[in-house]
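Sending over a structure as structure tokens; questions will come in a sec.
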């Protein structure tokens, strides 16, 4: 038996931090070390994550380099813009997995436009399902975990773009549960407001995940892809259902075969049988994306629908998957592939 | 004081029938007559619609021409294909408002393709907000109420198509509550399945409301419009949020002005202030559509989002609005414009 | 036609204020005057209450006596402890209806224990369904609207206590939607926390509505009643379902007749047919309480279940009902008795 | 490495069957054998349990003794009354774990009254947390898994009854998600009906779990216990929150110590820190019960609140826990103790 990996989680009182801990508690190679927080430092984890009963009495400590040093792996689940300073001071032998946006974008101008401030840099992008990415993650010690929307939409559209089935003008409408917005105390996230209601926000290309999708899809297509993205807020805690479509390319054929070939090798991407369509509940708590694809002959469009749990495959599960790859563990270690349903 | 209108509702134990009765109970010119049902005939209405307390003891009678005769207005809320036989035998002076699909489509071939069987015919289309429709409804004695999805999407896109702001290839992704599927005993409509989950169905142009949208939008545009339509099922009882987009036409401008002009004269269509986006809860139980519109400059698309209550403006409220117009009552009589929120 | 009543609402950006305005917009004798707020003063109502479209452009003003003066009726929907100062400076001819707790309790010691600070006083208690209350409300110019839990539980248990059917040790477990907690920015009220979860709070007699229930029930029983009250928070926006039970008194009989007699004269209390049990959806948006009662012979207890909408009959609807009584309007004016369901 | 246990699940297309398979897929000592069904036999499991992706292509076979024979363990998740015939024909060396009610009650008269028909018999009762039960389960080859309500309420009240803290007249109001009713196609279980609504049913001692609670609690107390039980149906798929109270016994003291002592040795029962109250989401998908207890001094009652996932600890997780005990595996093998939240 090898020594367990000692793992710290920065931002342990938030939703991404909680999901990381839920998964790490079931990971056989891991020992949970420091749990850090901002304003919640000094309080027990149980006050913020009552579902994590085995860790209820652990005290949250301040998010500092000192607390995070001395671990084999550090997961950062911090607000955007807070990762760079910490990461710079952690040793290059420590695996740092950032669940924030700081190191996702390659283009400093895009960072500047969408997030403002100085661009921290670019780390290997933690979406192993995209062509070439898995190799770059092996042995990496710095990894940028994708956003929740880019994860499912990039996986949904990559096969079609790589195979030239569609022209590069995609339309994405993705319905998300509220946990994607984090534990933010905003009126529009109150239960009274979200239950019984669907709404939209950041319409018309205003969502910060748009440049990330554009970056991913353009890389796969080998040419610029325009993305019209509309996020919907729906009354559930977890889950994203992304409806992705684009005009069929001339002579496009073999759609299902393209997707079957893509999914055959991916342990966490499941192509549903023909006639079945994804539901987010089937992926709840699992590190999976469920896909289905069809052709709308009348409208001349390919339509791909993907479902994921935004906190699992869309954040924390993807992060643990990347840790497994980086540290040469079997990629599926400790990661559920079965949703909690109904 | 004039004599009250005597109104019958066929299909009173279903969701559309229940919503008709809720509105008719608040309509000052109406007296509620026969309430008919299929398998539920002989039972009290209260057993099926416990919210309609004032009518709890009324007994449902069989849906027959004899029961429906002798009323000034007959609302039909029956399964598709059941309206024609009854309507044919009701007098031409009786106002028959059909909430089913039987008389919505003008093209018999479209009917044949999407619904099968013989086409019953075409009645004046009960969406007064589309150009020219209101005049055709005045004095009409047969009216076909639109489907719930076509109501909100046609209203959302009509101004842009009429003004030439977009090219005629529209993409619609619309999230609906479960009541749109009626009181059908299907496993996928069970509470355990729908709560905490978003799913999709009838993807790729397979939904029967597609030809109705195509018909409406092509009429407004004056040329064929292709519609890529994907419906989502979301965990709430009522409400539709439709995200509609299309490529901007060359030289398109004055988007907001076009929508302001359209909404100015419509008592039930409300353009939200800039920066606000529709939420279905704001329209719950109200006969209204809330709209917002923007331009996605990067993607070169116009995006319009519309919200409605599928049972109110999308079905029963639209039906009562049409009755008001047909019978020369003030169009807004008895129809709430304020949602029940939060 | 008489002059409309000029009505002001203090606290118009909150949930109780919003519900007051929803109902007042449908009240035929009312003209809506000043809308006041605390921190939201200076912003348009539409930013906080997007469902109140007809009032979207009205600007919220500061909650001051100057703004509220000059109206026939002033509804106060303010945090506890803020009503007294304003009420003291409004003329005695103005009808002031307080939706807060300040004037509900008769016993200064109870006020001190449960709310702290000085007791403002006691106003006529706005629950007309309790014996003797309706008469006290006629012509009143100061009215204290009951809390949401006390409304439904007092109505549910009053008939049994008045008729001596039960011994005075009642157990109440009441499940409430989240709007009962107001628009408070607390983590446990976030949609992500409440959806898919039932929790409890203020267990063991710690909820501030306990002394109010005790006061009401003891008055009806004519002797001290002990109340064991446990509130549940359930994943919906609106509604309370209260399960109330107590040991049967010796020789208790005629249970159903007692409840039938009570409900016969009450326009807003509906006894369901035998075999049917209340559901909150049947009362959504309506000023009604739905009741059912039974005897558990094995356990020797009477069980009464009551449903209401906490914002309508439980707050704003009850307030408007009191206004109607105080000003000698028909008690049911402008108040819906039909829920919005499903 | 020992040989895996070969396990069959009868009733694999239902909710209990699905949850058994979700847990068994994560159990390291188990190999999944026959999956049987009634009307769904012949179809793939994936059509009914899309979340169980690794088993999607497995075909359901008829529920017959022949299909179930040849396994080490057979879980029965069948409608009440269907287990006896099958169990009688499976070898005495096969571990049969019945998730139905057939073998739970000791008293044939109670069976007759509550379920009707002939009493099949009584098996060791699969609630190891009750005094003496764990020993009876070791080595057992027939086990009756408790009902979902009796599981949490028995665990919540057993410590107080065993320690003589309360008098034996308990009141239980328990709010349950809809999956407790199974995948039944009934109108009141449709999503449209349950979302946004709390209702009640089987009030006044009419629920079949009442005699099971009475049996358990009377055994613990050593004298007859009367149980007043009211179940609530709340808008979520999974979870039960049980509010249990009873009059304090004279001289009762040391309440918290009693519960601490009880929970200290139970791997799946978690006493929350003082001031925290259970939420069902904290137990979602986990084989745990979360408890909190307090004294209501004014009302003179002890109040205990317990939360569980009705499908996990309340059914399938409890069944797997019993299998572990019966077969001398570590009791916690393969059973999550961490909920999926938020």
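In this document, chain identifiers A, B, C and D correspond to the written order of the chains, with residue numbering beginning at 1 in each.
FYI, a residue touches a chain if its C-beta (ideal position, glycine included) is under 8 Å from a C-beta of that chain, and two chains touch if they have at least 3 such contacts.
Computed from a predicted model, the values in this text were never measured in an experiment.
Asks: Show me the overlap between the contact partners of chain B and those of chain D.
Replies: Both-contact set = A, C.
Asks: Count the C-beta pairs in contact for B-C and for A-C, then report the pair with the higher count.
Replies: B-C
Asks: Can you tell me which chain lies farthest from chain C, using the average of the Cα atoms as each chain's centre?
Replies: Relative to chain C, the chain whose C-alpha centre sits farthest away is A.
Asks: Express in whole angstrom the distance between the two chain centres, defined as the mean CA positions of chain B and chain C.
Replies: So the centroids are 35 Å from each other.
Asks: Any idea how many Å lie between the Cα centroids of chain A and chain C?
Replies: Between these chains, centre-to-centre, one finds 45 Å.
Asks: Going by the contact rule already set, what residues in chain D reach two or more other chains?
Replies: 15, 179, 190, 192-193, 195-196, 235-238, 279, 281-282, 284, 341-342
Asks: Enumerate the contact residues on chain A facing chain D in the complex.
Replies: Against chain D, chain A makes touches at 15, 18, 22, 25-26, 44, 46-47, 49-54, 56, 179, 195-196, 237-238, 270, 272-273, 276, 279, 281-286, 288, 290, 336-342.
Asks: Please output the residues of chain A touching chain B within their complex, sorted ascending.
Replies: Those residues of chain A that touch chain B are 169, 171, 173, 175, 190, 192-193, 195-201, 203-205, 210, 226-228, 230, 232, 234-239, 241, 243, 245, 247, 277-282, 284, 292, 294-301, 303, 305, 307, 341-342.
Asks: Contact residues on chain D for chain B in the complex?
Replies: 15, 177-179, 181, 183, 185-187, 189-196, 235-237
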